[in-house]
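Mind looking over this structure? Questions follow.
Naming follows writing order (A, B, C and D), and every chain is counted from residue 1.
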Amino acid sequence: MEGALREAVELGRSILGQGAVATYIPELAKADPSALAAAYCGMDGKTISAGDEGTKITVQSISKVASLGLALNICGEETVFSKVGVEPSADPFNSIMRLEMRAPHRPQNPLINSGAILVLSLLPFSDSTERLEAVLDTMRRMSGNEGLRVNEAVAASEKDTSDRNRSLGYFLRSVEAMDGDVENILDSYFRQCAIECSVEDLAAMGATLACGGVNPLTGEQVFPERTALILRALMMTCGLYDGSGDFAVRVGFPAKSGVGGGIMGSVPARAGVAVVGPALDKRGNSIGGVRTLEMLSESLSLRVL
Amino acid sequence: MEGALREAVELGRSILGQGAVATYIPELAKADPSALAAAYCGMDGKTISAGDEGTKITVQSISKVASLGLALNICGEETVFSKVGVEPSADPFNSIMRLEMRAPHRPQNPLINSGAILVLSLLPFSDSTERLEAVLDTMRRMSGNEGLRVNEAVAASEKDTSDRNRSLGYFLRSVEAMDGDVENILDSYFRQCAIECSVEDLAAMGATLACGGVNPLTGEQVFPERTALILRALMMTCGLYDGSGDFAVRVGFPAKSGVGGGIMGSVPARAGVAVVGPALDKRGNSIGGVRTLEMLSESLSLRVL
Amino acid sequence: MEGALREAVELGRSILGQGAVATYIPELAKADPSALAAAYCGMDGKTISAGDEGTKITVQSISKVASLGLALNICGEETVFSKVGVEPSADPFNSIMRLEMRAPHRPQNPLINSGAILVLSLLPFSDSTERLEAVLDTMRRMSGNEGLRVNEAVAASEKDTSDRNRSLGYFLRSVEAMDGDVENILDSYFRQCAIECSVEDLAAMGATLACGGVNPLTGEQVFPERTALILRALMMTCGLYDGSGDFAVRVGFPAKSGVGGGIMGSVPARAGVAVVGPALDKRGNSIGGVRTLEMLSESLSLRVL
Amino acid sequence: MEGALREAVELGRSILGQGAVATYIPELAKADPSALAAAYCGMDGKTISAGDEGTKITVQSISKVASLGLALNICGEETVFSKVGVEPSADPFNSIMRLEMRAPHRPQNPLINSGAILVLSLLPFSDSTERLEAVLDTMRRMSGNEGLRVNEAVAASEKDTSDRNRSLGYFLRSVEAMDGDVENILDSYFRQCAIECSVEDLAAMGATLACGGVNPLTGEQVFPERTALILRALMMTCGLYDGSGDFAVRVGFPAKSGVGGGIMGSVPARAGVAVVGPALDKRGNSIGGVRTLEMLSESLSLRVL
């Protein structure tokens, strides 16, 4: 197992030079493009890692899985999916035009930015910090790591620059797809994106989803089995932005990526498998990470499709 | 002349029941849908009116002509049109999707909302009140009415509800089409839309444009002739939202409408012709007003096309 | 007058090098990019020309004005505009996406390709040659030139290559915007686009529209006044593809361009003014021709806006 | 097993009344909306069925999987995916607008109509019957049923009415995404869609894909393992039109649907599972069939996500 991880990371490293770190959030531009690590967390909670496993990244879009799981837990499936679709989007993650173009004017799925912002608005919190704490708590329970925290420098950096997310938030309100105070909701959103974690945290989170919602490290049922199933299904069809179809061919199991360079994979009833590697491909996915997962999928026979 | 105006207003009145006042800005919903008035201001500055000529409306989108004229005066044609196009848009006035869909990601023209917001951002004012005062001053000089002022109740009403304009503003910044503080710019925008005027004020403003930029009441050169010409040309192709083509067929001279129910027409070297009538058609143009102008265009031979 | 024409053509010539002849129709690629001519036809039918006035071009999109006029004559305004809109389109002339994107799924106006194909389908002819003859006859009467004929080499060249127009035709049928045999209709369309004429023919055609539908050379009432008015209005807002707004600012009178390099202008109650010059700008309009008309508009005070 | 199939079909029957048979192809409108059947084909080739298992349907879009597999076999992965993408589309299966809207102007994936037409154009056949025979042969080998044949009445019916597919074909050629004779390619396409089969045939086809390309009834390696994997991955993300995400949540294994009412499912290394039921939901998927598969997925633990 360790050998497989090491070998896969080495293969991933060989193409890091073709990627680049995200620059639209200034703090992310400081990440180390040469870092790469992988981790595997089995159903017994045992976690193995390889590569630059000390690397910390911010979860960015991976947090959308946690906040959606929380919303499904609190509000129920029916309420959530009356407000946001479950279909893949062919557009970039921050696209707005489909919201105007086609009725119903609601986000295509909860894993694009507009959908994730809307999901946050459904949570029954009026205080942005309470809302953030609920998502952070969910992520701590998914990872079994009580020490997860927001990187406030990154959070501030997102807040300063994220005009596109503001545009999405106000648009959603203008078409009555969303209620609530946009700035307040975005404040939680920017901070949940900036939650910092390691590759082992991500592997544990993926393992929790793989294990029907039960964290294999702590034994806690973080999500009901149905919620875990929905999250895995959405990760399979929409988890890697407009590279989801390519990932299904190359890797073949549910996963969610973030522009911080993390990818959280979940092989049902088998394992959580994760990578971190801040150098991104053109679609915003960790370029070395996808390559690493592709090799692991083959060498460890993780493919489910 | 008076007879022609009276007769045209009576014809316009006959279809008021098919329209409705704008409701998306709460204060506008209080307007009287049965009001209708028309005015004609010749090149000698003499103004004649008919109908409910005491009716006051807020200028709304008609203000976009004044702020564009001001920006052309201050920044020059080249600068302004490097940032915003001059082509008609087939989309509704508050549409966002073309900004994302097609490069260059800039507003199609200065008379749709995104374009008007961008034009405001070009003015060299950092204080929203100074910026508003400059536009208000321009409109006072166009109308020759020093008493023009902002209806603050309407301005506040716009500010509370205008999520779509916020979305446009933040989108423009996210694609680097616009610089500046969005809230600050929108503050001026909401207030310039809420400038209150009468049908005679609008006729005088149209006459100023018809007269090569010279206000025929005061003799002041408000705009250079080239600016007046540009404004008239844009009004001709883009002045009535996605009803501009229909207006060109039915009425046939440059005009600009607003959802307050005003239409400011400008017959080059001939007259300013205006109507106010808060009952709107589906595209947001004064339903009785367009009918009135259609008849006046015929009875007074005002068509230029 | 002759001096003004000569001077304007000389100015136009100076920028011919920035344009290029249309290449998507192989036969058009053979046109001479250095040719440029202008003509003026007054309300007395007297025509003056300058430059390479012997140059023959194919009318291409200019024919859309003739076929629309014919359809208005035969089918009536109400029928025609129940099937096709009158609003400018922000899309290229051969765009299809708006037909799918927005209900009603009908062409935005009769001067884009989809609209012109649809207009042809409304004519009561089942034989493509009869249909073509009717349009050709209209154009002969507009120009007063019985010798106008189809350039069959260009017509064949269009037919071989015009996949986009086929796509438009079949799409219109698939959304039930159009009835009839697509290939049969396109056969007329390709041939009407290939009608050959000179700059003097175009000036006479523009003069007929300027003169309320009466050909000033022959005295024949080709169109009722209302039809001439509608055609002029549509030319003003939609006549130069997605360069119509720019043309309104720079030139300021109704005109229709074609990718053969012709532009037919119509100054109401004043003159037909035309240019031919096969070198095109990026939007498909004669680059030297627009410049020539811009200068003529100023030197002869032809602007109506 | 038989009990599970019977029970699932009964559940599926209960909602048939909410669906309707496809009507846009006249011959399909004759299908029996009350028919419903299911079949399961294990890795041993043993097939069990339940419900109206004698029902014959035409495969319609399910044929896209066979023709794509054939193209991958003949042309190779690299060539095929240089011409067509692998990403899910948020648009209806017959949508054209994205082809124009976004570069590269190529189909989003091979399972929407434009993609399937393009894939056919890549096959090295100039004769439409030869091309069709190659696809039919592939489907016979996938199903192990030498008796599969085209329903010529349905094929003719498609040909008469499929203006949209013609529009797609000509559009693809106009943007140089596709070469070849559109009518010739469409002739094969219409006929491959009209290949007739039973629910057991579909289950066997799904089993072939599940079994790494080896038909478990005949033992023939129809596709290399890599091709089978690619087909399953695309079915997972794009197999049920714009209902693919919903299907991933509710059913959770790779499948491809057709408007004839068939769905061919493929559970890797486990089974082919299929349904036929001509009553469709709004997205064009068998309404009772999806419900049946949802229940089977649960009762037989077939979910892979």
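Assume contacts are C-beta pairs under 8 Å (C-beta built on N, C-alpha and C of every residue); 3 or more make two chains touch, one makes a residue touch a chain.
Keep in mind that what you see is a predicted model, and the values were worked out from it rather than measured.
**Student:** Could you pull out the chain whose C-alpha mean position is farthest off from that of subunit A?
**Tutor:** Farthest from subunit A by mean C-alpha position: C.
**Student:** I want to confirm something about subunit C and subunit D. Since they are copies of the same sequence, is their interface symmetric in residue numbering (over half shared, so same) or not (under half, so different)?
**Tutor:** same
**Student:** Distance from the CA centroid of subunit A to that of subunit C, rounded to the nearest Å?
**Tutor:** A distance of 54 Å separates the two centres.
**Student:** Could you tell me the distance, in whole angstrom, between the mean C-alpha positions of subunit C and subunit D?
**Tutor:** Inter-chain centre distance comes to 46 Å.
**Student:** Could you please state the distance in Å, as a whole number, between where the Cα atoms of subunit B are centred and where those of subunit C are centred?
**Tutor:** Those two chain centres are 32 Å apart.
**Student:** Quick check on subunit C: which residues sit in contact with 2+ other chains?
**Tutor:** Only 101 qualify.
**Student:** Enumerate the contact residues on subunit B facing subunit A in the complex.
**Tutor:** Within the complex, subunit B touches subunit A at residues 95-97, 100-101, 163-164, 166-171, 173-174, 182.
**Student:** Quick one: in the complex, what on subunit D touches subunit A?
**Tutor:** Residues in contact with subunit A: 85-91, 98, 108-109, 229-230, 232-234, 236-238, 242-246, 248-249, 252, 254, 268, 303-305.
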